[in-house]
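For reference, the structures are reproduced in the following blocks.
There are two complexes below, and they share chain A, which is joined by chain B in the first and by chain C in the second.
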Partner chain A sequence: MTQGLAADVIVVGAGIIGAACAQALARRGLDVLVLDAGLPGATAAGMGHLLVLDDNPAELALSQYSLQRWRDIARNLPEGCAYRSNGTLWLAANAEEMAVAEHKHANLRAHGVICQLVGAPRLCEREPLLREGLEGGLLIEDDGILYAPATARWMLDQPRIRQRQARVAEVDGARVRLDDGQWLAATAVVLANGIQATELCPELPIQPKKGHLLITDRYPGQVTHTLVELGYVTSAHNASGPSAACNIQPRPTGQLFIGASRQFGTTDPQVEGWMLARMLKRATEYVPALAQLNAIRAWTGFRAASPDGLPLVGQHPQRPGLWLAVGHEGLGVTTAPATADLLVAQLFDEHPPLAAQAYLPQRFLGEPTHA
Partner chain B sequence: MSAHADVLIIGAGPAGLNAALAAAPSGARIVLLDDNPWPGGQIWRAGPQASVPAQAQRLREHVGALNNVQHHPQTRVIAATGPRQLLVEDAERGWLIDYDTLILCTGARELLLPFPGWTLPGVTGAGGLQALVKGGLPVRDQRVVIAGSGPLLLASAATARHNGAQVVGVAEQATRGAVAGFAAQLPRWPNKLLQAFGLFDRHYRTDSHVVEALGTERLEGVRLRQHGKLVELACERLACGFGLIPNSQLGQALGCTLHGQALAVDAWQATSEPGLFAAGECTGFGGSELALVEGTIAGLAAVGDRQGAARHWPQRARWQGFAKALNHAFALAPQLKQLARPDTLVCRCEDVPYSKLAGQRDWREAKLSSRCGMGACQGRVCGAAAQHLFGWQPSAPRPPFSPARIETLLCLDDTPPA
Partner chain C sequence: MPELTLDGRALRVAEGTSVAAALALAGDGCTRTSVSGQRRAPLCGMGICQECRVSIDGRRRLACQTLCRDGMQVETRA
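Our next item is the complex of A and B:
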């Protein structure tokens, strides 16, 4: 570590993204200082569904690479991180959605993702609680789940990583000012502070997208795969108004995690009854037996959404020394390992494991103004 | 289905029953909800092995006979769904209730502090054992040790003995001086004196606290520290409670200001939220007489009879004096925070040991890193213990306030507010 520097790299934010970046940097022999303000972040709120998404090629590349990485990482994860490879079952309610499933199937297969179409009769064999009359589904076998807060903590538990509770008030290239006025310098600063990134870099095109979640009491063995409706792709994902889609995830505890809602234009963390009702209505349309289960808790979280739904990973074009790892929307737990690998490759000026272009901050911030 | 109440009362213990009684002559439409099968709250808990005192019986009959009081037993509040509207659930259905005025009479619950062995079968709270016995749990010829703090220990011992148990020890953590000082004041509150004598027990020891519950599969004995010395008693049951903490969560969720752990109220029993009153032990521990008179004042104030309400102020002041003496005498000794060992579970829903909590920054961080308080009881037990042990303030609860059928949550209106 260079004299007078607080660390080789300062990472702002100890969510899953900051943690994954810090771990990757520390493994390359750098001394890393992780600063976190202890604000309620997305990592603590989210569902931790590890899934391959293919809305566009860049999303597929990022999520597919990450899933592969998670499978490697999982071998060392402690049990508390609750990693399971239980698969995702995408549900088609009608012929139109089944056509989407078939298209998705072909696309994923062409990219080497293990998946299979499931016809209506087999659907209920695999998931007996599903209502009758669904058109079919698409099973993606290697998708999984994870308890992200514990995983982030595990990633940070490294000899070369120091953690400090502090709120960063300003970033200036490779320096940060804490809210007590103290300046800390490093050779690089990584901004991984999720939805709060715009407080430090107002130029970032990131918007909060609120989500509601609910968890039930323990009902072991009732649901096996994470159940997601394909309407999620056709409507919810692209809509700008509030929306809810069926997303039911079995936890290793036997609890069921129910999501997911999307709302723009609010930063109020309150659980809103109307949205909870919408979301649960959607879920019970697919799994009617949910109605008789006890819900024990509901909460909300905010996804950091960029205009194209992809993260910004790379050096800030106008602020040399400042590296961005932000804007992971609803997929940041999945894409944390890929983000870390992309970031490290760029920092070390190495060949990245997947094409970095689609995730570069330049696409929104313009070309570098520095030499 | 949606219903309307002019006055909605949550909790049918002494405070809630008296609030209903006091508000009824106004002719207001009153709805009284409680999560227990019978009215009476904690102290007058009815059941196969419980005889409710004559005063309680009269109060219950009185309230039961009022045409304008509708009682919903086994009903819980699930969510606040809008200004002056709650979503509630009973065994069969969920529904919405609109109200003009709300009176919270949600009582208190026992503080259970973790100590080695406290999760063994056979170990319960002190009030917990009392409730189980009243509910029909057989204890005949069983050896029972009661430990913790406060008058509830004696009440629990009396119930156990009345049902044939052999109470082999009552361990009160407070000092002999504190308890004697309190007892010396009892003549100032005549009916309390009777109660205290009726309950007194030759196995009662002050300066004594539980160290460990012993046993492998289930409880076989208990190790106590009595006046500094360790003693072991063989027993089949250990009932251990460290006083009462107010059930202020619902009020907190509705925006009411807290005073310590209790709901803050003014002379009219009004909380910081307009149209929202609170009475009884959710406003602080003080015994059933204080709960009764607070209920009366709240009931009268809620229907606008301030003159009538003010007439009960002197009586309330008197029982507040009693409450003060009580809380002073039975304040918990600091060493009770050291009972747990690193591997002692604090959260039994999620199996979280003490070592995973010690050193955390706050309740939120502790929850996220250990899942403490995330199980079925949603921190009702471990949250209070953690607050006592580490000083962490739990956050206001979110809907659902208690476990609720998803079907009930589907009663929520799904149109966004305009």
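Our next item is the complex of A and C:
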């Protein structure tokens, strides 16, 4: 570490993204200082579903690479991180959605993702609680789940990483000012502070997208795969108004996680009854027996949405020394390993493991003003 | 005076007794065993904390929010 510097690299944010970046940097032999203000972040609020998504080629590349990395990481993960490779079962309610499933199947297969179409009769064999009359589904076998907050803590538990609870009030290239006025300098600063990124860099095109979640009491063995409706592709992703889609995830404890809702234009963390009701109603349209279960908690969280749904990973084009790892929307737990690897490759000026172009901040912020 | 079964044992309680109160009277006061194997008991007594989850006639309910009824089967070790 160079004299006078607080660390080689300062990472702002100790969520799953900051933690993955810090771990990757520390493994390269750098001393890393992680600053976190202790605000309620997306990592603690989210579902931790590890899934391949293919709305566009860049999203598929990022998620597929990450799923492979998670499988490697999982070998060393402590049990508390609750990693499971339980697969995702995408559900088609009608012929139109089944056509989406078939298209998705072909696309994923072409990219080497292990998946299979499941016809209506086999659907209820695999998941007996599903209602009758669904058209079919698509099973993606290597998708998984993770308890992200524990995983972030595990990633940060490294000799070369120091953690400090502090709120960053200003970033200036490779320096940060804490809210007590103290300046800390490094050779690089990584901004990984989720939806709060715009407080430090107002020029970032990031918007909070609110989500509700609910967890039930323990009902072991009732649901095996993470059940997601394919209407998700058409309704939730593309709508600008409030929307809800069926997303049911079995936790290793036997509890069921139920999501997912999406709302723009609010930063109020309050659980909203009407939105929760709409979300639960949607879930019971696929698994009617849910209505008989006892829920124990509901809460909300905010996804950091960029205009194209992809994260911003790379150096800030107008603020040399400041590196961005933000805008991971509803997929940041999944895409944390790819984000960390892309960031490290760019910091070390190496060939990245997947093409970096689609995730560069330049696409929103313009070309670099520095040499 | 409803008569219910608590972990296989018959118990008669006064009208208006909650399942949580019945457990305190006649059981170990606990409603369930947690993932980590600990026995858990009612805490808030008003339907908020969810600590008092218990199996009643095969369904998960809150012991503090459920009144004892004739013939009820309460299982704290299910």
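FYI, the second predicted complex is superposed on the first by the 371 of 371 C-alpha atoms of A that agree within 3 Å, B and C clash if a C-alpha of one lies under 4 Å from a C-alpha of the other, contacts with A are read in each partner's own complex, and residues count from 1 in each chain.
The rule is simple: a contact is a pair of C-beta atoms (placed from the backbone, for glycine too) under 8 Å apart; a residue touches a chain by one contact, two chains touch by 3 or more.
Fair warning: this is a prediction, and the values are worked out from it, not measured in the lab.
When both complexes are superposed on chain A, chain B and chain C end up clashing with one another. Within the superposed three-chain model, A:284 lies in touch with chain B and out of touch with chain C [touch as defined at top]. Contacts of A:137 after superposition on the shared chain: neither chain B nor chain C is touched.
Within the superposed three-chain model, A:273 lies in touch with chain B and out of touch with chain C [touch as defined at top]. Applying the stated contact rule after C-alpha superposition, one finds that A:48 touches neither chain B nor chain C.
Residue contacts after overlaying the shared chain place A:15 against neither chain B nor chain C. Taking chain A as the reference, the larger set of touched residues comes from B, when chain B and chain C are compared.
Applying the stated contact rule after C-alpha superposition, one finds that A:296 touches each of chain B and chain C.
Once the two complexes are overlaid on the shared chain, A:311 sits clear of chain B and of chain C alike.
Chain A residues in contact with chain B (one complex) as well as with chain C (other complex) are 217-218, 292-294, 296-297. Per the touch definition, chain A reaches chain C in the complex via residues 217-219, 253, 292-294, 296-297. Taken together, the chain A residues at the contact with chain B in this complex read 38, 40, 44, 149-150, 153, 165, 214, 216-218, 242, 258, 270-278, 280-281, 283-284, 290-299. Chain C meets chain A in the complex at residues 35, 50, 53, 59-62. Contact residues on chain B toward chain A in their complex (touch as defined above): 79, 81-82, 87, 361, 364-365, 368-369, 374-376, 378, 398-400, 403-407, 409-417.
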